[in-house]
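Take a look at this one; I'll ask things after.
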Amino acid sequence: MALETDTMTKDPILKVEHLSMRFGGLMAINDLSFEAYRGDITALIGPNGAGKTTVFNCITGFYKPTMGMITLRQKAGKEYLLERMSDYEVNRDAKVARTFQNIRLFSGLTVLENLLVAQHNKLMLASGYTILGLLGFPTYKAAVGESIERAKYWLDKANLTDRADDPAGDLPYGAQRRLEIARAMCTGPEFLCLDEPAAGLNPRESLALNELLRSIRKDTDTSILLIEHDMSVVMEISDHVVVLEYGQKISDGNPDYVKHDPKVIAAYLGVEDDEVEEVIEQIEEIAPGETH
Amino acid sequence: MEYFVQQLVNGLTLGSIYGLIAIGYTMVYGIIGMVNFAHGDIFMLGGFAALIVYLILVGLFGGVPVALALFVMILIAMLMTGLWNWVIEKLAYRPLRGSFRLAPLITAIGMSIALSNFVQVTQGPRNKPVPPLVSSVYDIFGIAISLKQIIIVLVTAVLLTIFWYIVNHTPLGRAQRATEQDRKMAALLGIDVDKTISITFVMGAALAAVAGTMYLMYYGVIVFTDGFTPGVKAFTAAVLGGIGSLPGAVLGGLMIGLIESLWSAYFTIDYKDVATFSILAIVLIFKPSGILGRPEVEKV
Amino acid sequence: MANISHTTEAVSTNLMARALREAFYAGLIALGLFVLFVGLKTDQNILNELVLVQRWGLLATFVALAMVGRFLAVAYVRPWLEARKAAKAAAPVVEREAGFVARNFNLLAIVALIAYPLVMVAVFGFQGSLKWVDNFGIQILIYVLLAWGLNIVVGLAGLLDLGYVAFYAVGAYSYALLSSYLGLSFWLLLPIAGVLAALWGTILGFPVLRLKGDYLAIVTLAFGEIIRLVLINWTEVTKGTFGISGIAKASVFGIWSFDISAANNFAKAFGLPMSSAYYKIFLFYLALALCMLAAFVTIRLRRMPIGRAWEALREDEIACRSLGINTVTTKLTAFATGAMFGGIAGSFFAVRQGFVSPESFVFLESAIILAIVVLGGMGSLVGIAVAATVMIGGTELLREMNFLKQIFGPDFTPELYRMLIFGLAMIVVMVWKPRGFVGSREPTAFLRERKSVSGSFTKEGHG
């Protein structure tokens, strides 16, 4: 299988092992293990309520998992156990950035300010924890200039340069999604988690998003983990797909492999096991170009 | 032991009054998510209404049977403060509904200042003493329980039962709960949200008026500034119990009453309010949404 | 033609009929509201018993006022407002060039403030200017300083603090106690008071900042009350309700003193006639300088990463955490910085009064300061300064309205109505402008042009 050769050559950036998360009596995630590889775009897919966002919240420190281990290995080799860190440390120290399903921008701040807030820790240091900055030290000014340059770079990539001085709340939906990704990138992450970045976008906005994601992969060393419902996005841009259902992993591999996994088809279409063959045939008829 | 039980009784009485006021806070908070800072002054207004009604009764008829006098006082005070709160909601809070969260808080603080000073201007700044209405004291197993205390606890219990019934078993209560859950959806389903909110304010005010009457009867004196401290304590009670929860408000009220009387009895009376507020802070630090409040789940 | 005039006539009679009907209801409601509280007054007779005094005439006036007011509102004011609104909507938006005053408002305001005591002295003479410089000038400036401090907590970081007066008290008592017991000088104690208040802000803030919204509000209120109650009851140190009097005056950097007996007395040094006005004028400029410093620091802070983090916190706390911002320390710094401003204002208050007592640090003060912040427009320094001037200056003016005695008779004391009007003004301003005088926000950085952010985008925080 293609999957196994991948594992041999590829270097995992994130390792999730035996992750479980219980809310009261509900087992939202049950003994989930998977890996995401450096340089890849890994997609986490699954039907509604499969526990995808919960996995995200565990990785980014917003939830403390009931059990399991989440290890992030940075390029320099340093390892972090994410489940032991609080949410802001996951970003600050482990360099994991994220976006949210229901966009969370600072809507009353301008687009540029949003991107500057994302560079808080770096600027905080440069301003000597505010004191040197307050006194007008040149090091701080230089750092601000640098931050604005980085903001400009991502504004350009997200195609938002024209709106830089407008309040973030004033942007159209698709632009808000791109801004949220740009903002996450301004924290300088090694690992970027995107929660349904294409949800609610029109085709043109979808295209702009894909472009942004591709440029992140091409021009930076940031690896991406994304939750997505839109299969066209998943199949087109991801290198590796993990499928969840009811908090458990049902499939794991490259997009082609996953697409033809009977379990995945059953989960998505809700058919009995013996009908799976039939479904595969139907799919091949509908989209013959994508099959082998 | 007797001393302890005596303090328990005193605390329960005081707690009943706080509980009655706290319900008004908690209901308004539950339904529109606003801290009605003027509620303490509505309580004070209720006490004054009861006082004036009492003086009218004495002036017109000389002596009136105590039970009847109390009944009339409570009734008119309830109507009075109900009308006041209805008008206040309409003029000061409704125009700001759905706007900025702090705006109605500020108008409520303004209303609190205005109300207490209105009473100061119209009724004078001095203490208003009334001769004791009810003075019998019973000795039960060595514990002195006054009739006043019995009346207060009984009236509170009866009112709470009625109230609990209204909120849980009538169409009005259903409308209130629906409005609390989701105002837009309630409106779509044909609930007159404005009216429901108005009625909530009137109900809260009516309970505060009862508390005001009880307060007047218990302490035998009232002054225009009396809205503040009981108001803050009742608000504290509502938060302690878990704001938005009716049983929580009563529980919180009783707890504050007990803390106050026990602290005064065993430690120093000077620091009784410090004790109350410290316990509030400690409880909230360990249980950030109050004792009976639903814990707020952070949605990411 | 005839037809059209006929319909407009019908509309106007309809309107009149409605106005009359609504006026009738308003009268009825007013009667209900006021019958007990205005129609009757509880008074003590010689035996110290309460008796009722009847005032039906006054009640009739209240009811009549309500009716006339309602009638005018329904019949004339509302149609006029609607017509104006329609006209505004119809007319194209004309970008008006901001006038000279609007463009240079800050500069003009500073010049006016610097000239203010001199003008007062010129108009009223040294003795006459005292009241204007002290009650109006210094008092308003103290409130401006306090409100700017609270603005950092409420306006920028979006944390609702109802016990801000606690830090004011800490500052005032730090000065009063350290100056009385240790004899330290004003110039040393001013920063010490600020630091102590900030320390208290951190100590109090640490456990409570986990709380959100109204829970935070009530705990801060509780802390404010606790500090006041401790000041009242810890009589060995604070002298309880008697307060601490005879607090040392400030000096001009230790060079000139304002003590009458001192050798380096200011008036003596310059050979001027003795007057307490010099001290007040000096304090005025001192307060002005402190305010300018506070404004400078606040403006600078907003452009620092910490200031941006405060505002981001107000907008969305979860997003902040996802960007690696430690929200606990960010909140704490906001709390401590606000507290420091309060402490400095407090020590200045102590030096101005020469006397502090717990009386000055009641919840009402917190409420007034918060009201100024919200009325001014959260986050806006200019709006807040305007709000402080209007609200404090306005109510202070009521003390001066002695001519009203000639209208309402010698028993009339306008001062009594001061807080009543203050409360009503809070309501009216808030209903009229829910986002305060200045609702928009100035961005802290820009690429091409600085555009104000409309108030409809900014959030108010949930903490």
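By written order: A, B and C. Residues from 1 in each chain.
We adopt the following convention: contacts are C-beta pairs under 8 Å (C-beta built on N, C-alpha and C of every residue); 3 or more make two chains touch, one makes a residue touch a chain.
Every value quoted in this text rests on a predicted model; they were computed, and no experiment measured them.
Asker: Using C-alpha centres only, name the chain that sits farthest from subunit A.
Answerer: It is B whose centre lies farthest from that of subunit A.
Asker: When you take the mean of every protein CA atom shown, which chain's own CA mean is nearest to it?
Answerer: Per-chain C-alpha centroids compared to the overall one single out C.
Asker: Let me have the rounded angstrom distance from the C-alpha centre of subunit A over to the C-alpha centre of subunit C, please.
Answerer: That pair's centroid distance is 47 Å.
Asker: Which whole number of Å gives the spacing of the CA centres of subunit B and subunit C?
Answerer: Comparing mean C-alpha positions, subunit C is 29 Å from subunit B.
Asker: Counting only Cα atoms for the centres, state how far subunit A is from subunit B in Å.
Answerer: Once rounded, the distance between the two centres reads 51 Å.
Asker: Which positions in subunit A are in touch with at least two other chains?
Answerer: Answer for subunit A, listing residues that touch two or more other chains: 62, 100.
Asker: Mark out which residues of subunit B touch at least two other chains, giving numbers and ranges.
Answerer: Where subunit B meets two or more other chains at a single residue, that happens at 298, 300.
Asker: Quick check on subunit C: which residues sit in contact with 2+ other chains?
Answerer: Each of 318 in subunit C touches at least two other chains.
Asker: Considering the complex alone, what residue numbers of subunit C touch subunit B?
Answerer: 29, 32-33, 36-38, 40-44, 48, 50-52, 154, 160, 207-208, 210-212, 214-215, 217-219, 221-223, 225-226, 229-230, 232-233, 318, 363-364, 367, 370-371, 374-375, 378, 416-417, 419-420, 422-427, 430-431, 434-435, 460
Asker: In the complex, go through subunit A and note every residue touching subunit C.
Answerer: My answer: residues 60, 62, 87-89, 91-92, 97-98, 100, 104-110, 112-113, 116-121, 123-124, 127, 129-130, 133-134, 144, 148, 152, 155, 161, 164-170, 183-184, 187.
Asker: Can you name the residues of subunit B that touch subunit C in the complex?
Answerer: That would be residues 29, 35, 37, 45, 48-49, 51-53, 55-56, 59, 76, 80, 83-84, 87, 91-92, 95-96, 99-107, 109-115, 117-124, 126, 128-130, 228, 232, 235-236, 239, 243, 270-271, 273-274, 277-278, 280-281, 284-285, 288-290, 296, 298, 300 of subunit B.
Asker: Which residues of subunit C touch subunit A in their complex?
Answerer: 297, 300-301, 304-306, 308-309, 311-312, 314-316, 318-327, 333, 441, 443-451, 453-454, 456-459
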